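Shown next, in structure tokens, is the structure this report addresses.
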Amino acid sequence: MVSKFKIDQIFILPFLLLVFYAFNFLHNFFVLGNELSFFTILFSCAIIEFFIRKAKNGDDIYMRPISAMQAMEEAVGRATEMGNSVLYVPGISGLDEIDTISGVIILGHIAGMTAEYEADLHVPCCVPIVMEAARESCKESYLKKGRPDLYNDSMVHYVTDDQFAYAAGVNGIMLREKPAAVFYQGKFYAESLLLAETGSSIGAIQIAGTGSSSQIPFFVTACDYVLIGEEFYAASAYLSGSPEMIGSIKGQDYVKLFCMIFILFVVIVSIFNYLNFLSIDISNIFKINIMDGLK
Amino acid sequence: MKNYILKLGNLDRRIIFLLIGLSVLIPLINPNLVDLPLGQDRNTKIVYDSISELNDGDRVLISFAYGASTKPEVHPMAVGLLNHLFTKGIKVYIVSLWPESPIMAEQAISAIKESQLFDIKDGIDFVMFDYKVGGFVVIKGIADNFRDIYQQDKNGISINDLPIMEGIYDVKDFDFVFDFSAGVPGNAEWVQYACDPKNVPLSSGCTSIMVTDAIPYVESGQLKGILAGMPGAAEYEKMVYDFMVKEQNNNNKYINLEKDIVKGKAYARMSAQSIAHLLMVLFIIIGNIAYYFSRKEN
Amino acid sequence: MNFFKRQLAIVVMSTMGFIALSGYFINWTTLRNFTDKDATNFYMIIAGFAAFLGCLNLLQLHLQKIAYKKENWQYSIFTLIGFIIMIIFGFIYNGSEVDMGPHLKDDKSAFYWMYNYIYLPLASTMFALLAFFVASASYRAFRIRNFEATLLLISGVLLMLGRVPIGALIPWWVVTIMFTSIFFAIIASKILNRKVFFLSYVFSNILFIILGLLLDWSLKTPAILSIPAIQEWIMAVPATAGARAIMIGIALGIVAQSYRIMTGRERSILGD
């Protein structure tokens, strides 16, 4: 009874915010036309927080095995056995992209593995600020594994800001150093296939992950394992193994379930509309109309 | 025979590269060698019809968001669109969202001027703005307050002194928005931050790779059709070419009647793309036949 | 020192995240100006200074390689030459009548010449390499291994042919043979007798061709036997559905990841 009360407390703040928003107590405090976004974000965050707390309280949460994540350690092991390095490509965008942040987080875990297995790690970066973040991440991982002696700053270096010049640079690194394992984790654009094909030609095991949906087919074609879409964002939680993080993935899945139910509801209403059983234009709910003058 | 087929299944990549190279090079060197009739994709037709519905004096905002690497794919669309708009006497407003885009825009306008088909004047018939840092923030700014983002045009002239800028305050003052993009910011940002919230018709021309990302917006009507890569550029160029020829024959007041209308570059490149695609399909078929025999052998 | 790296970093991260999110919903001009302009400017300034670090790192790395004659040090010479040349043309030598700065966009400047005649062809060439790599990737990967791979193969082939003019020239009977071939390839394992399999395949093709001739499909080809029409359908229906699903999944993944970062739970980026 007490734990149930504690869990329900999570919904009090979102509920109050929703009431405040709906009645707009302070005149024009909120921007009108953004109701759907506001409700969706509040709802998603509440559900995610609910499952994070549930996981923290000791609930066992099942996560389906994702082959790409299980293969990460195998890939690093393979590189160690072959005596070759591990190449990690954190994408071509800056830290303003969530994909790059996820990539740097996963780099931290991979760096931990390379420290443990004593494999060489090479991280060519496209953006200087990402280089700095990646350096910090690697340094801390090596320190945590008790192998600061294996870390050196030249592991993580800057190549160039230009997309194709970066692709050319990384291709050159792959062809000269012939790494045994290549990770592509971050934001990629057209250079994804250039990188993946070159990695394939040197016989490296390749594990990719990106939120750029247009590049996923290229990685699927050329790489051994791919984290598709949200699997990539869940990877950091998966690799950490912490109950809080895994709880957030379950919360995300429940939000997706609600989305699916809502899509089904809209389809049914649209069919009824089409057959003239109803006359509701449900598409109006999804319109975001930010009114003028309310700045 | 079987061994020969099995060998074909493990073809050296360099042979594939050589054949693809030749299949692209030969039609490009001699475009008349392979002359294929151009179709009309549904989405290209929607773009063309949407622009055709605009009237003399309407205002179209064009966003240039591509660079040198994607110029062969996107630039012909941009030139085609400018030809279409100037033929109809539509005012053109050009903004650049990538660092290289002002150069691309400049080259597109130069191509129009060099054709000598139109007597267009900077500040009256068209205006160009320089690159602004910020990506989607610039798009949001244009949607809310255009004059807050741009105080002067590319030549340094204050927008208050430009006749074309009269009555332009935000994105709703434009009759149409067209985005040429090869990445981010692109058509998705224009849909999300400007055109869909403000109900301004939007269309886009982008690289073939980006089309799968943009297609949900096309199917929902948030994008009025899309020019998909080089095939879309070639189809649109052909439609615009036929339109311009017809208008010239009808003594359209905006076109120079003494100058020849030249077909665009994308059209000439389609034969190369056709042969290359056909060759890739052949490689796939050969690879699968070899794969079937190798599985049987094992 | 640990306080700055950990607790303060988390506080700054969470505060800025919530302020940026609030800026989208709260109708307060100062806040919206901050999120739309000032916050972006902060990032640009930080990124700009970080660019110096990047350049210094580049110089340091390649100079060290040359100085200690490490493996492949010769390539570093070219890197440095390219770097120095662009610095000279960008900051020192103009070549046009325009002031330094705007000269970057002036077509008479040396920098513009280098952009137009060196950088532009190089960038286009790198992008063009994709054509070759797509060919080798599809040759290697598009094999009938399982159901999903077969689906990928069929849709890939149809889209490749449908998007180019050559697709419209492929006659209906070729498409008919293609469909029957795919059908029989799928059911091949169910028919054990090879003679029966072969005869049924041949008869099916002949039957459809005769049907097509009787119904005059040469003049009025049904959409299902026209590759451009099939291509349009694939783009409009299954591709759109897949793109939407992935888009929704990615958006939810971003929401969850952002929530974890903003609430300070995702600390790995700080090295924790």
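Labels A, B and C are assigned to the chains in the order they are written; within every chain, residues are numbered from 1.
Heads up, the rule we're going with is that a contact is a pair of C-beta atoms (placed from the backbone, for glycine too) under 8 Å apart; a residue touches a chain by one contact, two chains touch by 3 or more.
None of these values were measured; they are calculated from a predicted model.
Chain pairs A-B and B-C differ in how many C-beta pairs are in contact, and the one with more is B-C. When each chain is reduced to the average of its Cα atoms, B sits farthest from chain A.
Computed from the mean C-alpha positions, the centre of chain B lies at a distance of 17 Å from the centre of chain C. Between the Cα centres of chain A and chain B there is a gap of 31 Å. Looking at chain B, residues 13, 69-70, 212-213 sit in touch with two or more other chains. The residues of chain A that reach two or more other chains are 164, 190, 213, 295, listed in rising order. The residues of chain C that reach two or more other chains are 123, 126-127, 134, 136, 138, 140, 243, 247, listed in rising order. Every residue of chain A that touches chain C in the complex is listed here, in rising order: 21, 28-32, 34, 37-38, 41, 44-45, 48-49, 52, 94, 96, 98, 101-102, 104-105, 108-109, 127-129, 131-133, 136-137, 139-141, 154, 157-162, 164-165, 167-168, 172, 176, 190-191, 193-194, 196-197, 200, 211, 213, 216, 218, 221-222, 228-230, 232-234, 236-237, 240, 244-245, 248-249, 251-252, 255-256, 259, 294-295. Of all residues in chain B, those touching chain C in their complex are 11, 13, 16-17, 20-21, 24, 36-39, 41-42, 67-72, 102-103, 106, 133-134, 137, 140-141, 208, 211-213, 215-216, 219, 228-229, 231, 270-271, 273-281, 283-284, 287-288, 291-292. Remark: chain A residues 33, 163-164, 189-190, 201, 213-215, 287-290, 292, 295 touch chain B in the complex.
Here chain C touches chain A in the complex through residues 21, 24-29, 32, 43, 46-47, 50-55, 57-58, 61, 64, 71-72, 75, 122-123, 126-127, 129-130, 133-134, 136-138, 140-141, 243, 246-250, 252-261, 263, 265-266, 268-272, going by the rule given at the top. Those residues of chain C lying in contact with chain B across their complex are 36-37, 40, 44, 105, 115, 119-120, 123-124, 126-128, 131-132, 134-136, 138-140, 142-144, 153, 156-157, 160-161, 163-169, 228, 232, 235-236, 239-240, 243-244, 247.
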